[in-house]
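Consider the two complexes below, in which chain A is the common component and chain B and chain C are the respective partners.
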Partner chain A sequence: MLKQYRATLTFIAIVVFLISVGYAWLGPVRATSAVLSGLTLAALYFLLGAGLSLIFGLMDVLNFAHGIIFMIGAYIGYSLFGNPRLFTNTLPLILMVVAGALVGVYIGRPLRAWEARRRQLPADAPPLRIILSRIAPSVLLALLAVGLLFWGTRGFPLNRLIAFEPTATGGAVPTAQAQEPLSHMAVRLVGMMVAGLLLGPVLVREKRLEARGPFWKTLVVSLILSAVAAIVLWTRDPAERFMLGLSVDVRFVLALLAGAATGALLGVFIETVFIRSFYGRPVTQLVLTLGLMFIGVELVRAIWGKEGRPPMAVPSLFAESCRSPNLIAWLSERCSSIDVLGRAFPTYRLFIILIGLVILIGVWILLRYTRLGMIVRAGVQDSAMVEALGINVRRVFTLVFALGSALAALGGVVAAPFVGVYPDMGGAFQLQAFIAVVIGGMGSYIGTAVGAIILGLARAFGDVLVTGGIPLPWTEQVLRASPAIARASTVLIMAIVLLVRPAGIFGQKE
Partner chain B sequence: MKTLITRLPLALGKWKWELAVLAVLVLFPFAAGLTIGKPDALPPEVRGLERLARLTETGPAKFWQGMVIQMLILAVFAISYDLLLGYTGLLSFGHAMFYGTGGYVIGILLKHFHWPWWAALGMVVLVAVLQSLIFGTLSLRVRGVYLAMVTLAFAEFFYILSEAGDFRQYTGADDGLHGIYVHPAISPTDYRLRFYFLTLAFFVVAYLAARRLVNSPTGRVMVAIRENEQRAAMLGYNTFTYKLVALIAAGLLASLAGCFNAVYNLGVTPAVLGVGTTIDVLAMTIVGGVGTMTGPVLGAAIVHLLGYWLNRLFGPIWTLLFGAAFVLIVVFLPYGIVGTVRARSFQWRTGWRRWMQLLGLRRETPVR
Partner chain C sequence: MGNILEVRDIHTFIGQFHILQGVSLEAAEGTITAILGRNGAGKTTTLKSILGLTPPRNGKVVFAGQEIQGRPAYEIAAMGIGYVPENRAIFTNLTVAENLKIAERKRGDLDRKANFIFGLFPDLKRLYRLPGGHLSGGQQQMLAIARALVPDNQLLLIDEPSEGLAPIIIQELMEAIRQLSERVTVLLVEQNFQMASRLAKNYVIIDDGRSVRSGAMEDLLRQPEIIRRYLGATI
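Coming up: the complex of A and B.
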C-alpha cells in the first residue's frame, strides 16, 4: 500500500514542505502570490517538459533542440502578432522552395537510383574511381541549389522587415515602405522554385527509390502551393491591413495557432531528417540535436537581432490597467491585475496557469482514452512489441514528436507577453525543463507535471527569498543575490534528486 | 648507456611521426619569421640569432604563431574530451565547464589576489580535481541520455554564475574578466616566442600523459567500459571508479588548457563556459576521429582554421555557418579523418597496388 503510492506521497510531502516553509517565512500574503508565480512558471516548464518526456519515453531520444522550438514559436507568434508584413514577404519564398522540392523529389528518384547502382564498386577498385563515384551528380545539383538559394535571397530586405517596429507591444501601425516591389519578388519566387527543384534529388531517401502515386498528383499539389504563394504576395498590402485591423484577441489566437503549427512543422522536420535517419546511433542523435540547439540560437540572433523584445501586448481580457477585487469582477472589468489577499497579481499569469492545466488534462485524456494514446503508452512500455503487433510505430513517433514540439512552441507564444522574447530564452527555459524532467522521472507524463510544479514553486520561493535577502544565522548580515543565482540554484535541486533517487520521483529504475 | 644507444634507433622509429610533427612545430615560428615576417620593422643593427628570434615577433608571423598557440591549447582540450567520449564512452555536454573554470580561477587569482603563478596553477589543479570529483559523483550516477542532460545542466549552472552580476567585482559579469596580469617574461603579447614554446611544452606533456593513461591498465578498463559496461562490471571492475578517474583526468587537462587559453587571451568571457565551447570541442573530436589520440589534435587544427576562415569570409554570420558545418560533419564524417583513414587504409593500399600493376610498375599479384 505504502510502496504503491510512494511517489505520490513524496510529491505531496515535498509540496507541503515547500509551501509551509514559504508561509512560515513570508507570511500568508507574500507566500500566496509566490505560490501563484510558482504555478505560472510550472505551467511553462510543463509545456516544455511534456514533449521532452513523451519523446524520450517513446523513442529514447532526448531532443536538445526542444528549447529552440519553444523560442522560435515565441518569435513567430510575436512577429505574426505585431508584424504580419514579415510573413507576407517571406512565406511565399518558403512555399516556392517547398513546391519546387516536391516536384524535384519525384524527378530526382531515377537519378538517385542510377547513382546507387554506380556506387557499387569492388572494394579494391582504383582510388580515383572510388573518389569519382562518390562525386555524385546530385551533390553537384545540391551545391547549385544552395548557390541559387543564396543568390535568390541576396539583398532581401529582411533587416528592414524585422526592424520595422512592430505593433506587438501596442505601438503604432507601420507606414514606412520596407518591402521590395512585386517585380523583384516575382524574380525571387522563380529563383526559389528552381532551387527547390534542384534540391529535390538530394532529399530522396535511398531506401525509397520507387515513386509513390502518379506524377500529376505531385504536380497539382506543387501548383496549388505556388498559387498560394503568388496570391499571398499579390495581396500582401490588403492582407496586412486586414491583419492589423483585427482585434488584439483574434491576433493573439492566430499567434498561438501559428506558433503551434510552426512548432509541429519544425518537430516533423527534425524527426524525419535528424532523428529517424540515425536510429540506433543515439550518440549521433544527441550530438545532432545539440548542434541544432546552437544553430537555432544563432539563427534567431541573425534574423531578429541579439537584443530581446519587450513583452508582447496581452489580449483585451487582461489589458485594462486596474485591479479587480475578485475573479467575477475581473471578467467584467478586464483588469490587468487581480486582488489576492490585498496584493496585486497579474491576471495574465492566471491565464498561463489555466493554459497549463488545460493542456495537462487534454493530453492526459488523449493518452488515457484514445487509440493513439493507447499506442503511445504501449510504445513507452515496449515499442518492439507494439511494432510486432502490426502498428506503424514510426508514424506514431513522428506524430508524438510533432505534438511535443507544438506544445513547446505554444508555450513559447504563451510566455511572450510574460517574459518577452530574447535569444537566450530557449536555453534558459530548456534548462529548467530538463531539471523538472529529472526530478519527476524521465518518460513519465505525470512525473513531468509533478517535477514542473516542484521546480516552479522552488523557483518562486527562491526568487522571493534570494532577492528579499536571507538573514544568515548567528550574524547580522543578510544574504542577498540576483535572480540569476536563484535560476542557477535549481541545478542544486537536481543534484539532490540525483543523489537520493537517480531515476526521479516517478521514474522506473534502469 | 650502451643499451640506450642501441635502443635509440628503435625508439626513434616507433615515435617517428610524433617526432616529425614536433620538429615541424619547433621550426614553425622561425620558418614563419623568415617567410612572412617583416624585416623592415627591425633595426638593422640586430643581427644573427637575435634577429631570427625577433623576426618571429613581427607582422603575420606573430599572428600565425598565435594561431598555432591556440590550436595547441584547443588540441589539449580536445584530447581531454576524447578521454571521456572516445575512450570511456561518456557523452558529456558539460566539458566547457572545466575549460572555463580553469580560466576563471587563474584569472581571478592572478588579477585580484596577485598570487604568484605557481600557486595559482596549483590552485587550478586543486579546483579541477575537486570540481570533477563532485561533478562525477553526482552525474555518473546516471547513464547515456541522462548523463548528457545532467552534464549540460551543470555547465549551464557555471555559465549563469559567470554571467551573474553578484560577482561582478571578480568575474566582470557579462563583460568578462579582462586584463589578467601575466609575468612579463612570458607575456604572450611581448614575448610570443617564449609563450609559444611554453605552450608547446605543455602540449607535449599533456599528449604524453594522456597517451600513457590510455595505454595503461586503467586505460584498458576504460575502453572495456566503453565497449560493454556490464561485462566490465562482471569481470570485477568497479566501473564507477574508473569512470571517475577518466573524468578527473579529462577535467584536469581541460582546466589546464582553459588556464593557458585565459593567459593567452589575457581574459575570459562567459562565452567560454557556454554551450558553444562544448560544440567546438565536440566538432574537433569528431572531425579528427573519436577514440584516437592523434584525431583530436588534427581536429583542433582543422576546426580552428575553419572558424578563422569562415569569420574572414562571412563576417558575423560565421557562427551560424559553423553550426551548419558541425551538423554536416556529424552526418557525413561520423568516424572522423583518422578513423576513416584507418578503416580504409587497406582498401586504399590494395587499390594503389592495382594501379601500379596496371601501369606496369609492379609485378606482384594484388592481395585478394
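Coming up: the complex of A and C.
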C-alpha cells in the first residue's frame, strides 16, 4: 500500500519541506509571495516540460529544439500583438514558397525517379559518363532555388518592419515607410513561387518516388495558398488598421492562438522533415536537435535582432496601476497587482499560474479519457505493440510532436508579458524544463508537473535568498546567497533526487 | 479450404545478421499451424516478418490473396492479423478494459466480441477495471490473446503462449486456443511440443533460419527421429 504511493509521498514530502523551511525562515508574508512566484515559474516550466516529456516518453527523442519553439512562439505572439505589419508583409512570401514547393514535389517525383535510373550505369561505362551521372540535376535545382530565394528576398526591408515602437497601451507605431510598394512585393511573390517550384524536386524523398493522388488536388491546394498570400498582401493596410483597432484583450487572445498554431506547425515540420528519418538513432537525433537549437537562435537574432524586447503589454484585466485588496475586487478594478498578506503580487502572474493549471488538467483529461490519450499512454510503454494492433503510430508521433510544440509556444506567448522576449529565453527555460522532467521522471506526465512545481519553488526561494537574504538565528548577520548559488540550487535538487530515485520521482524502472 | 496465408522463401535481416534465410510456410484457413524449432531458430522473427515488424528483404508474404510484404506493420495488422507476442506485451499502465478497447478497429468491436471473449477467459471480466500490471503471468497471457480477438481478425500469430506458466494454466490456455481456432486461423509458435502436437493440425519446422520440413502433425508424430533431430524432444 505504502509502496504504491511512494512517489506521491516523496513529492508531498519535498514540497512540504521546501515550504515549511521557507515559512520558518522568511515568515508567512515573504514566504507566501515566494510560493506564488515559484508557482508562476512552475507553470512556465510545465508548459515546456509537458511536451519534452511526452515526446521523450513516446518517441525516445530528447528534443533540444523545444526551447526554440517556446521562444519563436513568444516572438510570434509578441510581433502579432504589436506589429501586424510584419506578418502582412512576410506571410505572403512564406505561403508562396510552400505553394510552389507543393507543385514542385509533385512534378519532382518522376524527375527524381529518372535521376535514380540514370545513376545505374553499366560497370564498363566511359569515365566521363560516370562523372556526369553523379552530377544530379536535383543538386543544380537546389542551387538555383537557393539563388532565387536570395534574389527574391534581396533588399527586403525586414529591419524597418521589425523596428516598431510599442506604446504604453500595447499598440504600436510601425516605422514610417517600412513597407515596400505592392508592385515590388508582387515581383517578390513570383520569385518565391518559382523558388518553391525548383525546391520541390529536391524535397522529394528517395523512398517515395511514385506519384500520389491526382495532380489537380495538389494544384488546388497550391492555388488556394497563393490566393491567400495575395489577399493578405493586398489587404495589408486595412488589415493592419483593423488589427491595431482591436482591443488589447482580443489581440492578446489572437497572439496566444497564433503562437500555439505556429508552434504546432513547427512541430509537424521538425518531426516530418528532420526527426522521422532517425527514429531509433538517439545520437543522431541529439546532434540534429542541438543543431536546430543553434539555427533557431541565430534565425531569431537575424530576424528580430540580438537585443531582447521589454515585456509585452498585458490584457486590460491586469493593466490598471493599482492594488486590489482581494480577488473579487480585482475583477472589477482590473488592477495590475493584488494584496497578498499585505504585499503586492502582480495579477498577471496569477493568470500564468491559471493557464498552467488549465493546460495541466486539459492534457490530463486528453490522456486519460480519449482514444488518442489511450494510444499515447500505451505507446509510451511499447510503441511497436501499438503498431502491431493496426494503429498508425507514426501519425500519432506527429500529432504528439505538434501538441507538445503548441504547448511550448503557448508558454512562450504567456511568458512574453512576464519576462519579455530575448534570443536566449528558449535555452534558459528549456534547461529548467529539462531538469523538471528529469526530477519528475522522464516520460511521466504527472511527474513533469511535480518536477516543475519543485523546481519553481526552489528557484523562487533561491531568488529570495539572493535579494533579501535570510536573518540567521541567534546572530545579527544576514545570510545572502550569490545568484550563481540560486541558479545552481535546481541542479543540486536534481542530483539529490536522482541519487535517491535514479528514474526520477514518478519514473518507471526500465 | 484454401490457405489464408502463404509465406514464400522470405529472407530477413536484423542489422547485419541474416536471420531468416529462406522460410516458406502456409496456414490453411480454419486450422492451427504450429511453427516448431529450437531456441534461436528464427520462429519469432518469422512471425514478426509476416506482420512487417521486421520486414523481409526478399520473398513474398500473401495474406488473403494479397501480397503484403513491405507494407507498414499497422496496415498489415489492420487487414486482419492479430499478434500475441512472446513477452505478452500487454500495456501494464492501462486497465484491462483499456487494453481491450485500444485494439478496436471499429467502434463497438469490443461490445460485439465481449460474450465470446469473456466466455473464453471469465477471469478478465472480474479483473476488468484493474491495471494490466497487477495481473498474474497467466492472466496477462489471457489478456494478450483476448486483445487480439477484439477486432475482426482472420489470422492470429501467437508466440510462446505457455512460456513461464504453471501446467494448470497451460491446460486452460490450450483449451481456450482450441476454442478460438474454430473462428480464426492460428499460427502458433510453441516450445512445448506436447502442447503444440495436441493443438495443431499442421506443422512447420524452422532450423537455422530455414524452413526444413512441413506437413500434417499426425505424420510428424510417426517420425520420432525427426522430432529428436530438430526439436530435441521425445514423444
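Worth pointing out:
Note that the second predicted complex is superposed on the first by the 468 of 510 C-alpha atoms of A that agree within 3 Å, B and C clash if a C-alpha of one lies under 4 Å from a C-alpha of the other, contacts with A are read in each partner's own complex, and residues count from 1 in each chain.
Just so we're on the same page, a contact is a pair of C-beta atoms (placed from the backbone, for glycine too) under 8 Å apart; a residue touches a chain by one contact, two chains touch by 3 or more.
As the structure is a computational prediction, the values presented were derived from the model and not from experiment.
In the superposition on chain A, contact of A:488 is made with chain B only, not with chain C. Of the two partner chains placed by superposition, only chain C is touched by A:381; chain B is not.
By the touch criterion defined above, A:389 reaches chain C but does not reach chain B. In the overlay built on the shared chain, the residue A:12 is in contact with neither chain B nor chain C.
When the two complexes are overlaid on their common chain A, residue A:292 makes contact with chain B while staying clear of chain C.
Between chain B and chain C, B contacts the larger number of chain A residues. When the two complexes are overlaid on their common chain A, residue A:60 makes contact with chain B while staying clear of chain C. The contact surfaces that chain B and chain C form on chain A in the two complexes do not overlap at any residue.
Every residue of chain C that touches chain A in the complex is listed here, in rising order: 51, 53, 72-75, 77-78, 83, 85, 89, 91-94, 98, 101-103, 105, 147, 151. Contacts from chain A toward chain B in the complex involve residues 56, 60-62, 64, 123-127, 130, 274, 281-284, 286-288, 290-295, 298-299, 302, 427, 431, 434-435, 437-438, 442, 481-482, 484-485, 487-488, 491, 494-495, 498-499, 502, 510.
By the touch criterion given at the top, residues 371, 374-375, 377-378, 380-382, 384-394, 508 of chain A touch chain C in their complex. Residues 91, 93, 138-139, 141-146, 148-150, 152-154, 156-157, 160-161, 163-166, 275-276, 278-279, 282, 286, 317, 319-320, 323-324, 326-327, 330-331, 334, 347-348, 350-352, 354-355, 358, 366, 368 of chain B are the ones that touch chain A when the two sit in their complex.
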